[in-house]
Structures are given as structure tokens and as C-alpha cells.
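Two complexes, one shared chain (chain A), two partners (chain B, chain C).
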Partner chain A sequence: MSGYWAGILAILAINIIFAYGIFITAAAGQLNLGGAGFMAIGAHAAAVLGEQLGWTPAQTVPAAVAITACVGIAIAFPVLRTRGVYMVLATFAFAQVVTGVILTQPALGGAMGLVVTEYVDLPVLLLAAAGTTLLAFWLMATRFGLALRALHDDELVSTLMGVPARAMQVGAFAIGAGLTGLAGGLYAHHFSFVEAQYFNPLLSIYVLLFVLIGGTQTAWGPLVGATFFTLVPELLRVGGSWRYVVFGAIIVAMMMFRPEGIVTRSLVDRLFSRRRPAPDAG
Partner chain B sequence: MLLDVADLEVRYGRTHAVRGVSLSVAPGEVVTVLGANGAGKSSLLKALAGAVRPAAGRIWLAGQDITALAAPDRVRQGLVLVPEGRQILVSLSVRENLLMGAYCRRDAEVGRDIDAIYDRFPNLAARRDMPASVLSGGEQQMLAISRALLARPKLMMLDEPSLGLSPLLVSRLFGLIGELNREGLAILLVEQNTRMALRAASRGYVMELGRVVLDGPAEKLANNDALAAAYLGGH
Partner chain C sequence: MSASVSSRHPLLTSIGVALAGIAAVALLAVLPGGSTLAQQVVSGLMLGGIYVAVAVAFTLTIGVLNFLNFTIPTLFMLTGMVAWGLSRWGLPFGLSPGLHWAPALLGGVAVAILASLIVERFTFRYLKTRHGDATEHAIPLVSSLGFLLIFEHLVLIFLGSEAQSFPVRFRLDLHLGPLVVGLPQLASLLLSLGVVFWLSWLLQSTRTGRALRSIAESPDTATLLGVEVARIVPIVFLLSGLLCGVAGALFVVNYSDVSPFMGEHVGTKAIAGMVLGGLGSIWGAIAGGLLVGLLETLGIHFFGGDAAQVAVWGVLLAVLILRPQGLFGASRIGKGKL
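Moving on to the complex of A and B:
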């Protein structure tokens, strides 16, 4: 495999994990535009623990997941008091605070960034992406996943059915943040360098787009969305600078023709349940 | 009494929606709460279900004080609310909506209970794997009530279930309410369809601006001139 495609695959694996982190909360109806902030926490946690304490990636990456998940729980309580566009703004502001703190703290790399010496190779990234995908599919098939989808539809009705709404939302936020931390930790160890500037608002916007354009109704959405957004710009590379124009047009077209995302529940049903009788047979 | 409510108050900021309401429902009884828009009926039911925290007052279910319990715990105790406007979960399938009704149950009989619902409502059975959003208004109301039944309630509260249904479906709905009641379910029914509600209920309360202004046996309320002038006039 050429170095070029290995690089693309590494980005793809990290994007898939990152997208599932945002998806878990989006499935419950909460939009997190602070993805880059959570990923920055995971990446810098792994970098600092590895460089300052000499931990191996087998220790730093789980620690990065745990730290980011704890930050997710702490941030969930104030953020979940907000609704709709205000939640989007609150998570966005959180990410800005995170990068702001990193930039002012030399111990965290400041504006110079941190070199990460321990290297994690591509197969580990692919394995982690596959594991995350399976975890997301499993979660969405459980009672917890059903409750998240019910909360997405109607919080009041879900509560009246006995769903502890706040606990579920905080749980989703914690799992989502943990996965973003995983993406960050793996990013740090694979690319051997982290700097706050990489975790900018554009990254948060992109990952939210992966999820929304992929579709939030099923666990297929983030996988398809992240793959699409990672590979299509590369495939359009032959078009030179026109590729951004074409790519933008594709995004607008998708939002017009598939507002619920590329993969919807009815599409999955049509693809996978051939046993169902034709509508006129009943 | 199955449900006892004493001096319940609900406030939203400066709005005083429910002002000192006391009422009771006996086991196996159908009780209706009548009143115009804005009388505080929905706020009352939401406070009983735990979706809104009352400012004052006490609620007992089967003798146990549930005032401090959160909504999910009240469902576990056997108190369910079918909210106004049917409120089905539109991106879930019919079957998943029913499963959500049994969310608080851990027993092995959920599947059997869902099959019983399918027997009772063949329309729901035929659409079990379709998104609930494809159901007609009447089917959605049946789904909302079925979903509440799956919680195995002792007392079911219905908020304006006849709203937006055709006359034929309204009579079918009240037929179902009577059927469920004969099976032993106690029902607290909030309605604007005063005639039908008083026919289904044994007792009624009339609310006005957050207060109970009249209560008594259903036949007596149906023959009350003041009530007839206020709510039945013109029919």
C-alpha cells in the first residue's frame, strides 16, 4: 500500500471513531458542535501522559478516553440545560475554551504543540475504528439505544414512558465524549504531533456534517458519512481546485434530496429485510 | 382510594395554572375532569404524572405518597399518562413504540402483552414494522393508548383523547375506554367532549381558571343547568 493511501486510511479510521462520538449524542437529539474540543482533550491528554509520565499508548489511550468522558459528564449538566441552537452554541463555546486553555498553557504544548514519541501504527487504528463501529451498532440495538431514539423524537413522551431522560442524555454525552477522546488519543500517537490549532471550529463542523449527512437514524450513518467525506475529496483531486466547488455542490444536493441523511431507517429496511411481504400481499 | 390529590398547585413562572385542586379516583373507576381551554386540566395531569413539579399539594397513589417521585418512578408505581395530541414516537416503528411502553418492565411477559395488543388492534399488527408516522390519526391514538397499557398501569390518565378524531372514531375510542374499565383499569379522563365523557364516567370534576368549581356524580353533572349552559350549550 502506498504511503498516500495509508495516510488516507488513518484519517478515515480516526474520522469514523470521531463521527461515532458525535453520533451517539445526535441520536438522542443533541447536536454537539464542540467535537474538536473533546478530541483536543483526548489528544493532549495522551501526549502529556506519554511524554511527561512515560506511559505507553496502551495506557495513554484508555486514560485519554476516561479523561474525555469525565469532562463530557461534567460539561453535560450545564449544556443539557440548553436546547436546539443554544446547545450548538454552548458546545461550540466549550471547544473554544478548550483550545484557548491549551494555547495559554506551555505544559500542554501552548502554541508550539507537543511531539509524541510513541507511535501507533495503522492496523491498531483500523481495529479501533472497527471496534467502535461494532460498539455503536450494539448500543443502538439495546434498550439504551431505543431510549435514545425515543428521546430524539420526544423528550416529554419518553419521560412519561419511564425513561430517565437526563441520565440517558448524560450517559450518551459521556460515551460520545469518550469516543472523541479515543479518536484524539489515536491521532496523537499516529501523527506524532499535536497542536491546539489543528482542533479548530472547522474540524467540529466537519464531523457534525459527517454525522448529519450520513444520517442519525441508524448506526450506519456515521460510517457512511465519515467515509464519504474522507474519500470523496481525495477522489475529486483530479479536478484540481474545482474539487471544493464540486464537493460543496454535492453537500447542498444531499441536504436537498436526503434531509434525513444518506442512510435512513427505511433504506436499511429495504436493503436488509427481503422477508417482508409486498405491501399488497397483506 | 387509588388516587388522592390534595390542594395541588402548579405554577409556570407568574402563571398560576392549577390553584388548590383536590380530587380522588377509586379503584376501577372512570373519573372525568371537564373544563374549557386554559382551565388547567392538562397542567393537572402533567403534575400528576410527574412531568411538571407542583408548587404545593400532595399526591397519593394506593395510599403511598408519590409527590416527590420522578416521572419514571410514578410509571413503575402504575400511574401513566397518555398526553394530549397522541404524541407517538414518529421515527420508531409501531413495535418499537409498544416496546417503549414497557420500558419500565423487566418481566418476560412483554412479548405476550404486545401480541395481545396486536389481537385487539389488527391495524397495528399489520403495520408493526412500519414507522409509526404512517398511521392514521385514529390508529395513532390506539397506539398511544396501547403503549400506555404495556406499562401495566393501575390508573391511566388520558388527556383529550378524542381531539381531532372523526365522530365514528370518537365513539370507537369511548367504546375502548369502557372496555378497558370493565377489565378493571381505573381511568382519569380529561375531555372537551363533555357529553361523551360524562357518559363514560361515574363521577366528574369541572375546572375553571385552575380551580374545581363543581363536582359530583356524572348523571348529576350532565343534568346541571349551569354546566349545560357553559359547556353543552348549542348542542
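Moving on to the complex of A and C:
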């Protein structure tokens, strides 16, 4: 395998994990536009623990997941009071605060960034991505996943049916933050360098696009969305800067003709289920 | 919750606030050592004038359509870059030599309005296809992100990725005692506020304004009462394109440089201003935009750039969580705004 494709596969694996982190929140009907902030926490936690305390990646990555999940829980309670456009803006502001704090603290790398010496190779990333994908499919098949889907479709009715909305949403937010931290930790160890400038608003925007274009109704969405978004720009590479124009046009067209995302529940039913597909709820 | 005073007599209140502000700056200027600070306050307000126009564009689309339009910063950038291109190379296909800066800026504004209407054509008309779940409000938001990519990279392809100097040759400084106030800056603050006052009058006193406010309250009821929603919605995009264009043109006149990335900084600050003032409130966006300009200039003066960023976004996060209706307003999305 050439180095070029190895590089693309590594980015693809990290993007898939990152996308599932945002997807778990979106599956509960909440949009997180602060993905880059959570990933920055994971990446910098892994970097600082590895360099300052000499931990191995086997210790720093789980620690990064735990730290990011804890931050997720802490921020979930206030942030989940907001909804709709307000939640999008609040998570966006949160990510800006995180990168701003990292930029002003030399111990966290400041504007210079941190070098990470311990290297994690591609097979580990692919295994982690596969594991995350399986975890997401399993989660969506449990009662917890059912509750998330109910909240996604109609929060009021599911609350009336006895779904504890707040607990489920905080849980989803924390799990999502943990996965984002995993993506950040692996990113730090694979690319051997972290800097706050990488975790910019555009990264948060892209990962939310992965999830929304892929579709939030089933666990297939982030996998398809992240793969689509990582590979299409590469395939369009011949076109130079035009590829982003084409890419933007694809996004606009997707929202016009298939706003639910590429993969929907009825599509999955049609492809994989013997039972007659449910009439498309539209 | 106490209703904001400004919603009753906005014009009188704002004149009062402006007079109080001028008095405060004048007082500061005569104090020993206060003149640097007063100068910072003046520049902060001038910068805030640009944020006001962009923040009002944001708040208008959110207020009427509940749509966070991410192309707004790009429209701002488009004005500056297109105007620069027109003044450097003239009309496309060699129709004319490089234009004078004034028609070039007008051309930039026209392109921003046109781009905004294109966004409307391809994002908002299709919102009728509702699929009824919690993330459907993200559909136009995602489309607008697609348009952001398109516009930004078209500019990069045709106009390059370099920051360009675009000197506008009228420099006149007003010397008020120790203070230096650029005449173009003062004019642009007044023009920016003038456009916003006109918009406010339009919303309050015209037939179109009433239609817009009725859509803001409830699109379904507005349709039932005979408002042609499909005809009125493009007006929102026309107005937000105009506001971004005016802001972009004023930015060029004041700072004399343009770049394909100038929208990001102004856009995030305008969002901050809108949130501080309360989403969907025009008077809030004016106050918030000026406040952010002031906080930014003073923050950089006292603490440096990165710390100022943390402060602005930290305050913003706290406001969103603790007072989602904004610092001053009592309004919320869909009810009693504009």
C-alpha cells in the first residue's frame, strides 16, 4: 500500500470515529457544532500526559477518552438547556473557548503546538474505527438507542411515553464526547503533533456535515457520510480548487433532494430486511 | 421579566444612549491620561458599526425564518473581493478598464445581493419538504454551509488567495481635542446605523414589514391570512445581502484591505453581537454589535488578542446558557420580536 493511501486511510479512520462521536448526540436530535473543541481536548490530553508523565499510548488514549467524556458531562447539563439554533451556537462558542484557552496556555502547547513522540500505527486506527462502528450499531440496537431514536423523531411524545429525555440526552452527549476524545487521542499519536489552530470552526462544520449528509436516522449514516466526505474530495483532486466548488454543489443538491441524508431507515429496511418496508414517513 | 426600555421608544432611547456615550468619551478625553483610552473607545465603536450591519443581517434571517445563515460572512467577503477585482481589472471579458473605487464598491454590493438571492432560490424554497424530526431545522443551515464552500472557493479560483490592498482615496481626519476620528469611519458608522434604522422603520410601518413580522410569528397563520410567504421570503435575503454588502463596502473604506478570509473574523464577532443582544432582535443586534466592537478593542488593548477571544466567547457561552433571550431583550424566537 502506498504512503498516499495509508495517509487517506488514517484520516478516514479518525473521521469515522469523530463522526460517530457527533452522531450519537445528533441521533438524540441535538446538534453539536463544537466537535473540534472536544477533539482538541482529547488530543491535547493525550499529548500532555504522554510527554509530561511519560505514559504510553495504551494509557494516554483511554485517559483522553475519560477526560473528554467528563468534560462532556460537565458541559452537557448547561448546554442541553438550550435547543435548536441556540444549542448550535452554544456548542460552537464552547469550542472557541477551548481553543482559545489552549492558545493562551504555554503548558498546553500555546500557539506553538506540542510534539508527540509515541507513535500509533495505522492498523490500530482501523481497529479503533471498526470497534467504534460496532459499538454504535450495538448502542442503537439497545433500549438506549431506541430512546434516542424516539427523542430524535419527537421529543414531546417520547417524554409522554416515559422516556427520561434529559438523562438520555446527557448520556448521549457524554458518550459522543468520549468518542470525539478517542479520535483526538489517536490523531495526536498518529500524526505526532497537535496544535490548537488545527481544531478550528471549519473542522466542527465538516464533521457535522459528515453526520447530517450521511443521515442521522441509522448508525450507517456517519460511516457513509465520513467515507463519502473523505474520499470524494480525493477523487475530485484532479480538479484543483474546483473540487470544493463541486463538493459544495453536491451538499446543496443533497439538501434539496434528500434532506434526511444518504442513508435513511426506510432505505435500510428495503436493503436488509425481509419484512415489508415501512411506508416512508416523509 | 422586565421588558426592555428600548422596545418602547427605540429612537429616543438610542439617542439618549448615544448622547451619554459621547459625554462619557468627552469626559474621559479631558481626564489626564484618559485620551488613549477614549481613542480606543472611539475605534471600538467604529469597528462595532461594521459588526452591527452584519449582526442585523444574521438576526433578520434568524428572526423571520429561524435560519442560521452561514453564507452571511461570505457575502461580506464577496463584496470586498469583487469590488477589489472590479477596481483592479474592470468588468469581466474586458468590457471596461479598472473602475473607480465608488462604482466598484457598488458592484460589490450588487453581487452580494445577487448571491444572497441565489442562496434563497436553492435553500429556502425546498424547506417545504419537511420530514418531521428534531434535526430538520439544520437543512437550510447545511445548504448554507455548502454555499459557503462554493462562494469561497470561486473567489479563491478567480481572485486568488492573497490579502490585497484596496486603497480608497479619501482620508480626512477630524481632530476633536486630543481625539482623532477618521471622517470615513464616522460616515460609515452613521451610514451603517442609518441602514439599520431604515430597516427598522420598514419592518414597523410598511405592508412588507407587517408581512415579514407575521411570518416571523407563524408562517402557517400568515399563509392563512393571505400573506404570500413565497414572495416575501426573498425580501429577507435581499435585505441581508444588502446589509452584508454595505458592511463589506464600509470595511473597505475604513481599513483599505480585502482578503478571501475577511468574512470569518467579522462573521464570528457579528454572531457574538447578535447573541448578546438576543436572537431575532434588531435593537439587540445594534447594541450587541457595538458592545462587541468595544469589548474587542479594549480587550486587545488591555489583555492581548488570544485572551480577548477567550473572554468574548466565554461571555457568549454564559449568555446563551443563562440568558438565552440576550442581555437586554425579553423576546424569544417566534414571539414578539423585530
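In the analysis below, the second predicted complex is superposed on the first by the 273 of 282 C-alpha atoms of A that agree within 3 Å, B and C clash if a C-alpha of one lies under 4 Å from a C-alpha of the other, contacts with A are read in each partner's own complex, and residues count from 1 in each chain.
The criterion applied here is as follows: a residue touches a chain if its C-beta (ideal position, glycine included) is under 8 Å from a C-beta of that chain, and two chains touch if they have at least 3 such contacts.
Keep in mind it's a predicted model, so treat the numbers as computed, not measured.
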Where does A:R143 make contact in the superposed view: on chain B (first), on chain C (second), on both, or on neither? first
Which partner does A:D153 reach: the first (chain B), the second (chain C), both, or neither? both
With the two structures laid over each other on chain A, which partner does A:G162 touch: chain B (first), chain C (second), both, or neither? first
When the two structures are overlaid on chain A, which partner does A:V88 contact: first (chain B), second (chain C), both, or neither? second
I want to verify the contact counts: of chain B and chain C, which reaches more residues of chain A? C
Figure out whether A:R270 sits in contact with chain B (first) or chain C (second), or with both, or with neither. neither
Do chain B and chain C touch any of the same residues on chain A, and if so, which? 152-154, 217, 282
How about chain C: which of its residues touch chain A in the complex? 62, 66, 68, 70, 122-123, 126, 129-143, 145-150, 152-154, 156-157, 264, 268, 271, 275, 279, 306-307, 309-310, 313-314, 316-317, 320-321, 324, 333
Can you list the residues on chain B that touch chain A in the complex? 49-51, 70-72, 75-76, 80-81, 83, 87-92, 96, 99-101, 103-104, 126, 129, 131, 147, 151
Chain A residues touching chain C in their complex are 26, 28-31, 78-79, 81-82, 84-86, 88-90, 93-94, 96-97, 100-101, 103-104, 111, 151-155, 201, 205, 208-209, 212-213, 216-217, 241-242, 244-245, 247-252, 254-256, 259-260, 281-282
Which chain A residues qualify as touching chain B in the complex? 143, 146-147, 149-150, 152-154, 156-164, 217, 265-266, 269, 273, 276, 282
